[in-house]
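Two complexes are shown next, each including chain A; its partner changes from chain B in the first to chain C in the second.
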Partner chain A sequence: MKNSLFLSAAIALASTAASAQTLRIPHELGYGGSESLDPISPQRFYEAIQNMYSRLVRQGDDGRPSPDLALNWETTPDAKEWTFALRPGVTFHNGNTFTAEDVAFSLMRTQSETIQSPTKGVMEIIDRVEVVDDMTVKVVLKQTHADFPLLVMDYRIKMLDAETCGHNLDALCESGNGTGPYKMVELDALGTTTLARFDDYYGGLPGAENLELIAIADQDARVAALQAGQIDFIYALSAEQVPLFANNPNFTVQTVPTGRWIGMIMNTTVAPFDDARVRKAIRMSADRDVLGKLVFGEDNYITNCDHPVWPGDQYRADIACERDIEGAKALLAEAGFADGLTVELFVSDITEGAVRMAEVLQNQAKDAGITIEMVRVPADGFWSDVWMKEPFFATGWSQRPADQVLNEAYSSTSAWNESAWQSEEFDAGLEAARAELDFDKRKELYGDLQRQIWEDGGSFIPVHLKTVRAFSSNLSGIDPVEDFSIRYENLTKEAD
Partner chain B sequence: MLQLINTIISRPSGAIGLTLTALHLAIALLAPLIAPYDPTVQNADAVLLPPSLEHWMGTDTLGRDIFSRVLHGGRLAISVTFAGAVIATVWGSFAGIIFGTVGGRIDEYFMRLVDAFLSVPWLLFLLLIISIGGAGPSTIIPTLGFFYGAAVLRVIRGAAMQVAARDFVTAAKARGEKLWPILTREMFPNLSDVILVEGAMRWSWMLLAFSSLSFLGFGATPPTPDWGLMVAQERGLLSTAPWAVFWPCLALSSLIIGINLLADAIGKALGIDRATAMAM
Partner chain C sequence: MPTLILRRFGFAAFTIAFVSMIMFAAVEALPGNVCTSFLQRLAQGPRLERCIEQQGLDRPAIERYADWASGALKGDFGYSLKKRKPINEVIGERLANTALLGGLATFLAIPLAVFLGIVAGVRRDRPLDLSLSGIAMLAMTIPEFVTATALIYVFAIVLQWFPAVTVMRSGMGFFDMLPNVVLPVLVLSAVLIAHIMRMMRASVIDVMASDYVQMARLKGVPERQIIRRHVVPNAMIPALNVIALTVAWLLAGVVVVEKVFNYPGLGTLMIQAIYDRDLPLVLSVALIFSAIYVAVNLLADLAALMIDPRLRRGGH
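Moving on, here comes the complex of A and B:
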C-alpha cells in the first residue's frame, strides 16, 4: 500500500513537471481523422496550421490589416497592383530562408484546379505575382480591389516553403514546414498531435514549450476535459455551460463579440427550395430575438437578417427582418403551398446550439404552416457526408471580413457556395464593390449585396454569436480577440 | 387471472412492480388530458426555471414545462417497445418451441447460429441497422423485435426441451400425432407461463435500448418529448439545472424497475425459474 501510494505520488509529480510548459488545446475532429496539414486543403487541420504557418498580414487590434510576414504595402491608384515589402531574416522550420519566391508560390497555388481549395474563389482575383527582388513582391490583380490586403489576411492564406513543396502548384503540400511559432513533432489527428516551439521564430521565443492538440469531437466531453484539467482551453461555451466556470477561481471566462454564425442552408437548386418565395417564407417565419435568447442565452447573440456580414464589420448593412407570419403564408400560397409545406432538415451536434436552433426554427415555422422534420445525423464526418449534399442542412462559419465571406459563400463559382446560389446580379455587384475606390459608395454596394441575400438567397442566419471562452486560470496572454487572431505564441502557463 | 394478481401483490416487490407499471401505463394513456401545458410549446421568458407551483418540475432550455414533457415522455418509448416486445415474443417463442421439440442436428446448428448472433453487441447492431434504414419507428420496431427475439428463442427453446422430454409428449408422438398438433396442444399450453414472463422481461430491456438510442440521437427526433432525448439534450446542465435531467431519469428508471419487478413476481407466482431454462 505504502509502495503504491509513493508510486502514484511520483507519477503525479512527474506529470505536473512535464505538462507545466505544455498547452493542451482541444480540436474538434471535424474531418474524422483525415485532417490535412496543407492550409488551403478543404480538410485543413485548423488548430495545427494556425501555429505552424504565418500570413503576409494579420488582424491588428482595430481589425485592420497589420504586418506579419509583410512589413508594409502600397498600391497603384487603380488598386490593381499591390507591392508588399517582406520581413527580412525569416527562416522556415527546416532552416530555409523565407523569400519573395515563397510568397509567389503560396499565393498562386490557391488557384490550382486540382487542389480545389475553398480559397480558390476568392484568390482567383490574382492575375500574377511578380518577384521584384528577394524581399519585394508585386501582386497584379485581374480587377480592381480596394481591400486586397483583407483578402490575404484570410487564416488559410499562409506562406509555405516553395522548395519543400517541390515548386508544385497543383499538389497538396503537407510537409508542415512553415515560419510559424510552433513546428510539428507528431501528427495524430485522431489522438494527440504534438508541436514544439520553433526557437528561431521571428516574433521572439514562443511562451510554451509544447502544444498538444487533443482530438475531442464532442462539446460535452470538451467541457468535462477542461473541468478535469485535461485541456487548458475551450473556444466556445454554450450559455448553460458558462456557470460551470464563471464562479470557479480555477478558470477564467472571457466574452468576445464575433462574426461566428450557425445557420440552416437551403440548396437553391432543389425543390421546393428552388423557389425563392419558399426560402423567403421560411426566413420570414422566424423570430430572431426569441430564437437567439432560447438557443444562446440572453446577451450572447446579435440578431441578423440571414446574410453573413457581422455587426462589427465596416460594411454591415442595416436590414429589418421582423417576423411576418402572414407575409410568409402569402408567399407560400403564391408558390403553391397554400395548404402548408413539409421539409426535412439535416442537423447534427456539429457546433454548440445547432440542434437547438433547428428545434426553435421548427417550432416558429410551424405558425406559418411549415412543417420541418428534423433528421439527426452523427457529428463525425458531417462536413464530408451531409453538408452541401442534402437539400436543407445545418452549417457553421467562423468570422470573415465582408468581401471575403460574401465571395466565398455566395458567389456562383465558389467551392463553398453552400446554397448553390447562382445570381448574376450578385456576382456583378461584388465586382463593382471591389472596383469602387470611394469608401461610402463601396459600403453602399456591399450593403446591396447583403439585401440581395436576404431577399433571394438560400441562407437562414438568424444571429451572430458572441463567444464565451473558458481557460484554466494559470493560463495568461489570451487577448479578447476573435479566434483567428489568438496568438498562441504569447500564451504562457504557470506551473500548478 | 384474479388469483394470479392476488399472488403477485402478496409479495411487496410484486405489489410495487404492478403499481409502477400500471401507473406508467395510465399516465402514458392519459398524458394529453392531464398534462398542464403543451409539451412542445417554447417560452423564451421561462427558460430553465427551477421547480415551482406553476412548473412542478421546472422548465428546460427552451422554456418548455418539464412536468408535461415527462408525462408525455413515455408514450413513444412504451408504444414502440411494446410493439417490438410482441414481435420478439411471438417469433422467438414460436421458433424456440419448434427447435426445442424437434431437437437433433437442425436444432444444434441453429442454436450455434443464434449464439453467434447473440454475441454481437446489441447497440452496435442497432446503430448499424438504423444508419442504413434511417431512424423512426418503422425501422426500430422490427429491428428491436428481431434482435430481442433471438434471446427469447434461446430461453423458450430451453424450456421446450424440458417439456418435450415428458411422458405426455412421448405419448403423443407414439400416437402418431403430427408436429403441429404436438406444438399447439402439448407444448404451447405448458410453456405459455414462461413466454409471458420472458416477454415482460424483454420489454423492460427494450425500453432501455430505445432510450439509449434516443440519448444517442437516433430514437425519438425533436421536438417529440421522450425521456432518453430529454436526458441527452439537457445533460450538459447536470451541475447547473439538475432538475432538467433528474425527472426524465426518474421516470425511465421507475418504469423499467416496475416492469422488472412485475415480471419477476409473475414468474415466481407461476413457479418459473428463467435461469434453469436459460441453462439448457
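Moving on, here comes the complex of A and C:
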C-alpha cells in the first residue's frame, strides 16, 4: 500500500471538513488522563460531565436558582425541610426514567466516607432525603439553610441513575449515564473524547450532533489549534493572546466576569495585624483600579473591596473603597505607627499575577508610610509551609457562591479561615442570613457581612478577575456567562 | 579490547547511578514532599499523616532511595498518585511516541547531514558550500520553538497542509500518526542537520589538507576514491562525537517541540509532571532521559572504537 504524508494529511483534513456539525472543544487535561466521569470525583472530567448530566436547579440569568430537573421547590418556615417537585417524563441515556429515588441516591452519595468528594463538606448539611412519591422528594437538613437550592446548584451536584450505579453510595459511578444533552460515545481523556446528541433530551434537541473534547494541555498549543481550525473554542485567553483573535473576522472574542480572585491575607491574631486599624490602613493605601490595570490588563478585572463575593453573585454588596492615603496614615498613627510600619509579605508563583499584585501593593503602600518587604518563596510546598502559617501571605480562590465562600474562608471555625478571624458578630450574621427566608432581607444580611470584612477583616482582595474566550465566528449561541454556566446544547455551528 | 569495552560499560553504569543519586537528592531538597504536593491545601492533619504513611515517607531518605533505585533497575518505577496509575503504564506509550519522533528525526537527519557536510567540505568556499553553510548557521541560531511557530503559521494556519497540534484519536494507526509528526520532525532535524553538517564539513576540510590525502593525490588516486576511502572514514571520527552530543541534545529539543505541537510524548509528560509536582514521575522521566543520554554517548564511543584502530591500543 502506498501512502504518502500529503495523502494522509489530505484525508485528515477532509474528514474534519465533513463533520461540520461536530463541536470541538479543548480539554485542558487537568488530571493528566485520570479524568473520571463521576461528577463528585476529585478528578471529575468537567467538560464531559457538564454535558452528560443535569442538576436539580441551574443558575438563572439573575444569578438565582432556576428550574432544571426540579420544576419548583418550597420549604418549611424553619428552612430545614425542602420539598422539590421533579420534572416528569425525563429519561436517562439508557432509557431509565428519572425519579425521586435517583435524587435521593445522588444527594446522599456526596457524603460518602470512601469517595471523599470535595463536595462532602458542604453537602453534609443534609440529614436525609425522603422519597415522597416518584416525582417529589423531601430533603431534611441538619441545620437551617434558607439558600439550600444554591448548594444543589453546584456544578458537581449532578443527578445519576441509582440503578446504573448499583445503588452503591460508597463507590464511584463512572458509567456516564445521565439525563444531559449529550451522551458518551467514547471516553479517551488523553486523546479525543466523543459525545453524541441525546435525542430525548428534555430541554429540546441539542444544536450540534456531536461534541468532541480534544486533549490539549498547553494553552499556546490550544491557541494554534484554534487558529488552524482544529478546535472551535478556547477558554481563558491571556492578555497577550487576545490580539491574535480580536481583529480577525474568523473569530469572536468574549469577555465575562468570574468569581476568581487572588489576594493577600493578614493573620488577624499576629502583631501588627491583630490591630484592625493596621489591616484597614494597608487596604486603604491601595488604588484598586491602577492595580488591576497593571497586573491583569485593561478590562480584565472588576474592582472589589476586599471581600470574596463576586460581582455576578446575587448577594454582592456595593461598597466604596477609594484610595485614602491620609486616612490610612491617620489610622496607622492611631495604632502607634506614626513613623511608619514595616511588614513582611510572603508570595510565590502560586497563580498567575500573585507576585505582580504583591509588587504593586508594595509600591502603593509606600505612600502611606508602609514598607512591605517581599519574601519570595518557592511554589513547592507553599500551601503546606507558608499559606496560613506566615502572618502575611498570598492566596487564590476559584469562584464560589456568597454563602459558601463566606463560610469557608471567614467563619471562625472553618479549616480554611485564612486570616484566623474570630468574630462572633460575623458568625452570628452568617447563621442569621442562612435562616432568613425573605430574599431582600437575606441580601441585606449578606451585604452586612461583606461590609464587616471590608472594615475589620484580614483580607486584601483588590479585584475579581474576568475571563476572555474566543471562538470561531461560525459558532452562535454562546451566552456571556462564566465557563461553568455555558450551555453547549444551545450552541450551533454553521457549515464552513 | 574486551576489557576496554567492559570498562566503558562500567563507566556508563556508574554515571547513571551517580546521576540518579543527584536527582533523588535534588527532589529531596525541594520544600514539601510527594504528599504535600499532591494534597495541596488539604495537606493537613490526619489526611497528610495517612498519605505519608502510605507512601512510606516516614522512612529515612537512604532507605527510600535504595527502594526506588532497585525498583527502577527491575524496570518498576513506582506509582503516580496524581495519575492514579503505575508509572510504567503512564510512560509506556509516551516512550513509543517520543521514539517515533526522535527516531524519524535522527534517521532523516544524520545521513543527510553527513552527506551535505561532505559535499560542503569538498566544495569548500564555492557557492554551494556558502549557501549550505549559511542556511545551517541560520538553523543553528534560531531557537526551535521559533522555527516550530513559524512552521505552524505557514503550514498549519495559512496553507492548512498539516495539523497545528497533535489531536489523538483512539485506533490511530501508524499512518494516521504521520501527518502529526511531519512538522515536529522537520523542526528537530533542522537543528540536528545544521550542527552535524558543520562539524562534518570542518572535519572533511581538515582531512583533505592532511599529508596522507596529499600523498594519495600525488600517487594519482582518483579524487572520488580519495574521498570515499580516505577522507570520509577519517572525517567521521570527530564527527561521531558531535553526532552523539547532538542526538543527546535531541532529548532537550524534544521537550520543547512536543510542548509546542501538543505531541503526546515523554517531553510533554515531563512538563506536565513538573507542573503537577508529580515528583515520582519527574524522577522516572529524568532517569530515562539520562539513561538515553549516557547510552547514546556510549554508542558513539563504541562506534569510534570500531572505526579507529588507534583507540583500541594503549590504556586510554
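The criterion applied here is as follows: the second predicted complex is superposed on the first by the 297 of 496 C-alpha atoms of A that agree within 3 Å, B and C clash if a C-alpha of one lies under 4 Å from a C-alpha of the other, contacts with A are read in each partner's own complex, and residues count from 1 in each chain.
Methods note: a contact is a pair of C-beta atoms (placed from the backbone, for glycine too) under 8 Å apart; a residue touches a chain by one contact, two chains touch by 3 or more.
None of these values were measured; they are calculated from a predicted model.
Engineer: Is A:338 touching the first partner chain B, the second partner chain C, both, or neither of them?
Structural biologist: neither
Engineer: Regarding the shared-chain residue A:240, is it in contact with chain B (first), chain C (second), both, or neither?
Structural biologist: first
Engineer: One more residue to check, A:221. First (chain B), second (chain C), both or neither?
Structural biologist: The second partner, chain C, only.
Engineer: Just chain B (first), just chain C (second), both, or neither: which does A:230 touch?
Structural biologist: second
Engineer: Chain A residues in contact: does chain B have more, or chain C?
Structural biologist: On the superposition, C touches more of the residues of chain A.
Engineer: Answer with first, second, both or neither: which of chain B and chain C does A:360 touch in the superposed model?
Structural biologist: first
Engineer: Contact-wise, after the overlay, does A:34 reach chain B, chain C, both or neither (first, second, both, neither)?
Structural biologist: Touch partner of A:34: chain C, not chain B.
Engineer: Where on chain A do the contacts from chain B and from chain C line up?
Structural biologist: Residues 220, 378, which sit in both footprints.
Engineer: If you look only at chain C, which of its residues touch chain A in the complex?
Structural biologist: Within the complex, chain C touches chain A at residues 30-32, 36-37, 39-41, 43-44, 48, 82-85, 90, 149, 152, 156-157, 160-165, 167-170, 172, 175-176, 178-179, 182, 259-262, 264, 268, 271-272, 276-278.
Engineer: Touching residues of chain A toward chain B in the complex: what are they?
Structural biologist: 219-220, 223, 238, 240-241, 243-244, 290, 293-294, 297, 349, 355-356, 358-360, 362-363, 373-376, 378
Engineer: Per the contact definition, I'd like the list of chain A residues that touch chain C in the complex.
Structural biologist: 3, 5-6, 8-9, 12-13, 29, 31-34, 43, 186, 188, 190-192, 214-218, 220-222, 224-225, 227-230, 377-378, 380-381, 383-385, 387, 415-416
Engineer: Over in the complex, which chain B residues touch chain A? Could you list them?
Structural biologist: Within the complex, chain B contacts chain A at residues 40-42, 44, 47-48, 61-63, 134-135, 217-218, 221-223, 233, 235-237, 239-241.
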